[in-house]
Amino acid sequence: MAGVLVVCEHLSGGFADITFEMLGLASSLQVGEVSAVAFGSMADRSGELGAASTVISAGCSDDFNPEEYAAAAKSAVETTSPDLVLVASTSMGYDIANPLAATLGIPLIAYCTGIEPEEGAFVCTSSLYGGKMGVTSTVPGPAVVMMLSGAHNADDGRIEGSPGVSDLGAVDTPGRVRFKQLIEPDQGDVDITQSGVLVAIGRGIGGKDDIEVAEELADLLDADMACSRPLVDAGWMPKSRQVGKSGMRVKPSLYIALGISGAPEHIEGMKDSATIIAINSDENAPIFDVADYGMAEDLFDVCEELIEELE
Amino acid sequence: MRFAVLLKWVPDLVEDLEVDDEGTGVDTEDLKFKLNEFDDHALEQALLLAGEGDEVVALTLEGDGAEKMLCTAIAKGASRGIRLTGGSSLDTAGLADSFSQALGADTYDLILTGVQSVDDRDGQLGPVLAARMGLPCVSVVSEVGLEGSTAMVAKEYSGGMVAEFEVDLPAVLGIQAASEAPRYAPVSRVRQVQQTVDLEEFAVSGTGASSGSSITGMAQPESGGGAKMLTGLDELVEVLNGLGVT
Amino acid sequence: MFSEQERLAFVALAVVCGALAWPGFSRIFRIVLRGGAAKRTDRLVSRILTAAFDVLLQRTVFRTRPIVSILHAFIFFGFSFYLLVNLSDLAEAFVGDWVTIGRGGLFGAFNLLADLFSVLVIFGMASMLIRRFALKPKAFEFNDNVLLHPKVSAGAIRRDSLVVGLFIILHVGSRWVGTALRMAQSGQTDPWLPTASLLVPLFADWGPDAIESGVHLTWWLAIGLIVAFIPYFPRSKHIHLMVAPINLVFARSSHIGALDAVNDTASPGARGVLDLSWPQLIDPYACIMCTRCHEVCPAHDSGTPLSPSALEINKRYLINEGSGPLAAGQDVGLLGSAISSEAVWACTTCHACVSVCPVGNEPMRDIVDLRRSMVFDSEVPDELAETLRSLDEQGNSLGESNRRRSRWTKGLGMEIKDARKEAVDLLWFVGDYASFNQSCTGTTRKVAEVLGAAGVDFGIIKRGERSAGNDVRRVGEEGLFESLAEQNIALLEECEFNRIITTDPHTYNTLKNEYPKLGGDYDVVHYSTLLLELLDSGAIVLSGRLEGSATFHDPCYLGRYNGIFDAPRRVIERCGLELIEMPRNRESSFCCGAGGGQIWLNDHDDMTQRPSEMRIEEALSVGVSRFLVACPKDMTMYSDAVKTGGHEDDIAVEDIIDLVAAVIETREGGE
C-alpha cells in the first residue's frame, strides 16, 4: 500500500500544530492514502484527524517515551507500508524518525520545509546551516521526512472527520528508557507568551553588560525581554525568557529581534508575532526573511540612538 | 565509567556561505570550520559527569580539524582522543557507521554527542547511532545525572516543557546544552597537548553506509525576503510610532 | 666615659639582636632564591652604578609627590649620613678618647652635617607621620572591595608606620639631644652644631650626674635602639631602606613593552608565591607602602577591587607569615590571599603603577603571571572566554568572519594594494578594531585616503591578517598569542615590504617589541610618526590651518610603553591647533580603561565611573572642546564616554588623522 503516514505529535493532551501541518501537506501531495498514527489515548480523538483516511491507534502510554514511540511508529509503518513517513522535526520527532529510518533501513531527510513528489521519488527542501542554505534532496520512497514546524499552514490539516481507526495493539519494548515526570516551564517573573511587546536578544549581543542596553530599550518601550537559546546556555538569561523550539512560542504584537541571526529553531518560536523588527549587522541573516522590517546595522548604535530618541 | 564524546567539524556560520560550482554543496574553499557547538556541550557534560577514575574519550573522524578538536578536548580534561581513519562518508549514516565500529571496539557506559549539527541533512547522529548499536537513546537533553547503572536525563520539549527520563546504561544521549557553559580551552594547554600527547587511531572498514538520498540542489534563501529594510533611525522611529509603541 | 659593663652590655645586645635578626634575613634570602628565573644579573657594574645614581639623586622618588619627596629626601640623606654618625658614636664608646665635639676641620663639617640632618630627619619624619595620621590623605585608603591581608585590615600598616616613624625620631632625636647634653657637660657650645647648641640652655639647671645619665641614656636610645631594632627589620616595612636600592640594582633592563617569556610551559604563570620570578619576590620588601601605584591606577581610581599597592603589601605579609615553609619550598597560593581573582581581571596593564614606583616594583607583572596560570586552568570570565575563542577561531576579537577584514576598503575611491600580491614600501597592519569596529572604520578609511594623497606606496594584507595579539598576551593567553604571532609572521614572510605601519599602539607594541623574539623582526612605525615624517618631507602639503585648541590623550602603549610623545603633538600643532595639556599627560597619562583585555571584559559591578569618563572630564577641566586620540581603541572608548557622560555637546573626540584629512591638499583637487 502506497501513501503517506503521518506520525502525530501531541503534548499536554492535544495534538501539536505540526501534526496538522503534516496532515495538510500529506493530503496536498496526492500520493495515495493518508494515514496517521496516534499514540495512547490520543487515538480516541481521531475525529480531529479528519485529513487522514485511517488513524492507527498505537497502544502506548500518553507520555512520550523514545523507545516505545519509535517502536510503535515502526510497527505502524510495517502495517501500512507507506511511501512517505512524515515525522515532526521536533524534540520528540528526533527520537522517533531516526531510529525508525535506521531500523527499517530506509532514507531520512531532516529539517524539511517542502516536499514535491517526482516519479516515485520525493524532492525535499531542507533548511540547513542555521537557515542560511536551502538544500534540495531527491529521495526515493519509502522514506522518512522530518518536517520543520511553521513551513505549512496547520489549518489546512485541521479537518474534522471520522477516519477509520485500526488498533496496532501494544508494542513490546525492552523498557530501557522510563518516563519519570513532565516539568512545566518555570514562568519566572514574566510569562513572555503573554507579552504585548518583546525585545529579544541573540548571540549578536556581545556580553552580559551589553544586555543592559537592550533592557533599557525594553523599559522605554514597555516591553519584556526575551532571548534566543545561546544566551540561556551561556547562563546570561533565564530559561523562562527563551523563545524557540525548546523555549517559548510567542505571539506578541511587536517582536524586536536584536542580534538574532534567525536559526529555524528560533524562528519557530516567534514567527507568529504580528510585527517583527530585526536589527542585525549581518545583512544576510535569515531573520530578515521572516521580519517585517529590518535594519542591517550595529545593534548597539541603533539601540543607543533609539534610547536617546525615546528619552 | 567510560564516557565517549563524538565530535564533528562543521562550517562556522559566522561566515558567508556560498554554493559550490556543482550547485550541490557548500563552497568549502577558504571556509572556516569549527567544532559543532552542540558537541562542545556534549563534551562539557561528559567532563562534568566524569569523576575520579572515570575516562572521557573523544572521538572524531580524521581530516581537517581532527587534531585540533581532539587536543582541545584533552586540554579541557578528556583522557584520550581517537581519530577514526578510512570512514566512508560524512553524512549521518556514514558517521554512525564509523562511530559504531570504533565504539564497538571498546565498552562505553555513556555516549554523548551534540543533539544536531548544522549540516546533518539525513538525520541526527545520536539516535541513528543508537539504533545501529542497539542502545537506548534520548535526544535534546539539557541535564544528565548518573545513578548507578542508570542516567536521569531531562529532555526539552517545545514551550519550555521538560520531561525527565531514566535510562539504562549504556546509552546514547543527544546533548542540547550542558548544565554549565562549555569551559574555555586555553591555547597554551592545547599546544602543550599537541606536543606531548599521542592521539590514537582507529581504522574503520568501509561498509558503504549511505544516506540513501542525494543532494540535487543548494541555494541561499532569498535574502531580506520579507523584511522592508530600513536605513537610519528616523525610519525606525517612524515604524515604531506607526505601531503605537513609542 | 663608658664603663666596661656598658660596653659588654652593648656587645651582648648586638650579639643577641644579630642572632634574632639573622633567621629573618636568611629566610627572605632563601625565599627569593626559590623564585623563578629572571635575567637580571647581567652587566652588574652598570646596574649598580645606575641604581646608585638613581638612589643618590632620588630620581625615582621625585617622579611624583614633590613635597613628600623632599621630606623623603631629608630622611634618606639624613639616614645615609647617620651611618657615619652611628660609627662615630660607636667609636666614642669603644675607642679611647674619640670625640668630635669641639673640634674643627673635617670634624666640624661632620658635626655640622650631623646637626642639620638630625633636624631635617626629625622634621621630615614628623611631617610624614602628621601626613599619615592627621591629614590622612585619600591616597592611603583602599577601596572597600580590595582584598587585604587580615593583618593589614587589622591596622598593621598604620602600626608599622607608627613604629618605624617613632623609631626614627627617637633614634635621631636622642642623638641630637645627646649632643646638646655633651655640650652642656663640657659647658661649651660648638658653632658647628648650631641647632643642638640651641638646646644646651635647657640643661642649664641640671647637675653633673643628671647630665652624665642623660648622655648615657641618649647614647643608648640612639645606638642601642638601632641594634635592638634590627630583628624588627625583616618583619616590617623598614627593610625598605635596605632592599629598595637592591631592587633598583636588579630592575628590568629589557624593554618594558615585551612581557617576559613563560618560565615553565607545563605550568605557566604564577599560582603561588614561589611561581613568581625572584625579582618579583624582592618587590614586597622594597615597598614602603607609599601607595603611589594605586593613586595612578585606573582600576583603583574607578572603584574596582584592584590596588597594585595592596598586592605588594599583601604579598609581604603573606610571605612573612608563611616564611618557614616557603623557605623550605612549600608554596603558598596568591589568589584569594594576595589578590582577588576579580582584581586580577580589573588590570588594564597600563603600566602606570610600574612606571611610578620609586623602588622598581612591578605589580602589573604579577597580575599578568596570575592571569597566565588562571587562563591555563580555564578560570576565565565568560565574556573573555568568548572573545578568546573568537580570536582563536576567527583571528579577531569581534566575532566577525575574518574574511570580512578588508570590508572597510569598500567604496574607497582608491584601490589598496594587497601586500601578499605585490611589493609595497609600507605594509599596513590594520588590526582588529580599525578593521571591524564601526566607530573606527571611518578613521581607518581616512588614514588610507591621506596615505594615498601623500603618494605613499602602501598595502594591506587583505586576507589572513590576524589580531597581533598584544592584549591576548596581556590577558595571559600565552599559547594563543604565540599562535596568532606565528600565523602573522608566516603571512608577513610572504610579503615584500620595507616597513610596517599601524594605527593601533597595542599592535605597534607587540610587533615592535615582542615579535622579534618569535622570529619576526620588523621595522615598525606608528602612523603618528609616519604622518610627521610625511609632513616634514613635504609629501603631505597642508592647504590651511585649523583654528582653536585641543588636548591630546597619550595612549599607554604609545607613550608610556614606547616613548612616542612628540610625534602626535607635532602633527596636531602642524595642523594649526593649539595644544592644551591635561594635568596627566605624557608618562603620567591616564589609561582609557581598555587595555590589557579590559575592552573585552565587562565593567566590574563596583565601578563608580569609567576611567574614560574621568578622562573626558579632565579634558573639559582644561577648557578644550576637541579631544584628540591616536589609537583606534581610544576612539571607541572616548566616543562612548562622551555619550555616556552626557558631554556630546561639550567635546568632540577626533583622531589626529581627522585633522590632517581636514587640511591636506589633495593632488587631484589641489588646483
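So that you can tell them apart, the chains are marked A, B and C in the order they are listed, and the count of residues begins at 1 in each.
Please note the rule applied: contacts are C-beta pairs under 8 Å (C-beta built on N, C-alpha and C of every residue); 3 or more make two chains touch, one makes a residue touch a chain.
This one's a predicted model, so the numbers in the text were calculated from it and none came from an experiment.
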Original post:
Chain adjacency by touch: line, ring, star, complete or other shape?
Top reply: complete
Subject >> Pair of chains joined by more contacts [C-beta pairs], A-C or B-C >> reply: B-C
Original post:
Any idea how many Å lie between the Cα centroids of chain A and chain B?
Top reply: 20
**OP:** Averaged over CA atoms, how far is the centre of chain B from the centre of chain C? Could you give it in whole Å?
**Re:** 47
Subject >> Chain centre separation (chain A, chain C; CA means) in Å >> reply: 59
Subject >> Residues of chain B touching at least two other chains >> reply: 16, 181
**OP:** Among the residues of chain C, pick out those that touch two or more other chains and give their numbers.
**Re:** 382, 399
Original post:
So which bits of chain A are touching at least two other chains?
Top reply: 234-235
Subject >> Contact footprint of chain B on chain C as seen in their complex >> reply: 262, 265-266, 268, 372, 375-378, 380, 382, 384-385, 388-389, 392-394, 399-403, 463, 477-480, 482-483
Original post:
In their shared complex, at which residues does chain C touch chain A?
Top reply: 382-383, 386, 399, 438, 600-603, 643
Original post:
Which of the residues in chain A end up touching chain C in this complex?
Top reply: 206-209, 234-236, 298, 301, 304
Subject >> Complex contacts: residues of chain A adjacent to chain B >> reply: 11-12, 16, 63-67, 90-92, 94-95, 97-99, 101-103, 106-111, 123-124, 126-140, 143, 146, 174, 176-186, 197, 221-223, 229, 232-235, 239-240, 242, 245-249, 253-254, 261, 268-269, 275-278, 283-284, 286, 288-296, 302, 305-306, 309-310
Subject >> Of all residues in chain B, those that touch chain C in their complex >> reply: 12, 14-16, 30, 32, 34, 76, 181, 183-192
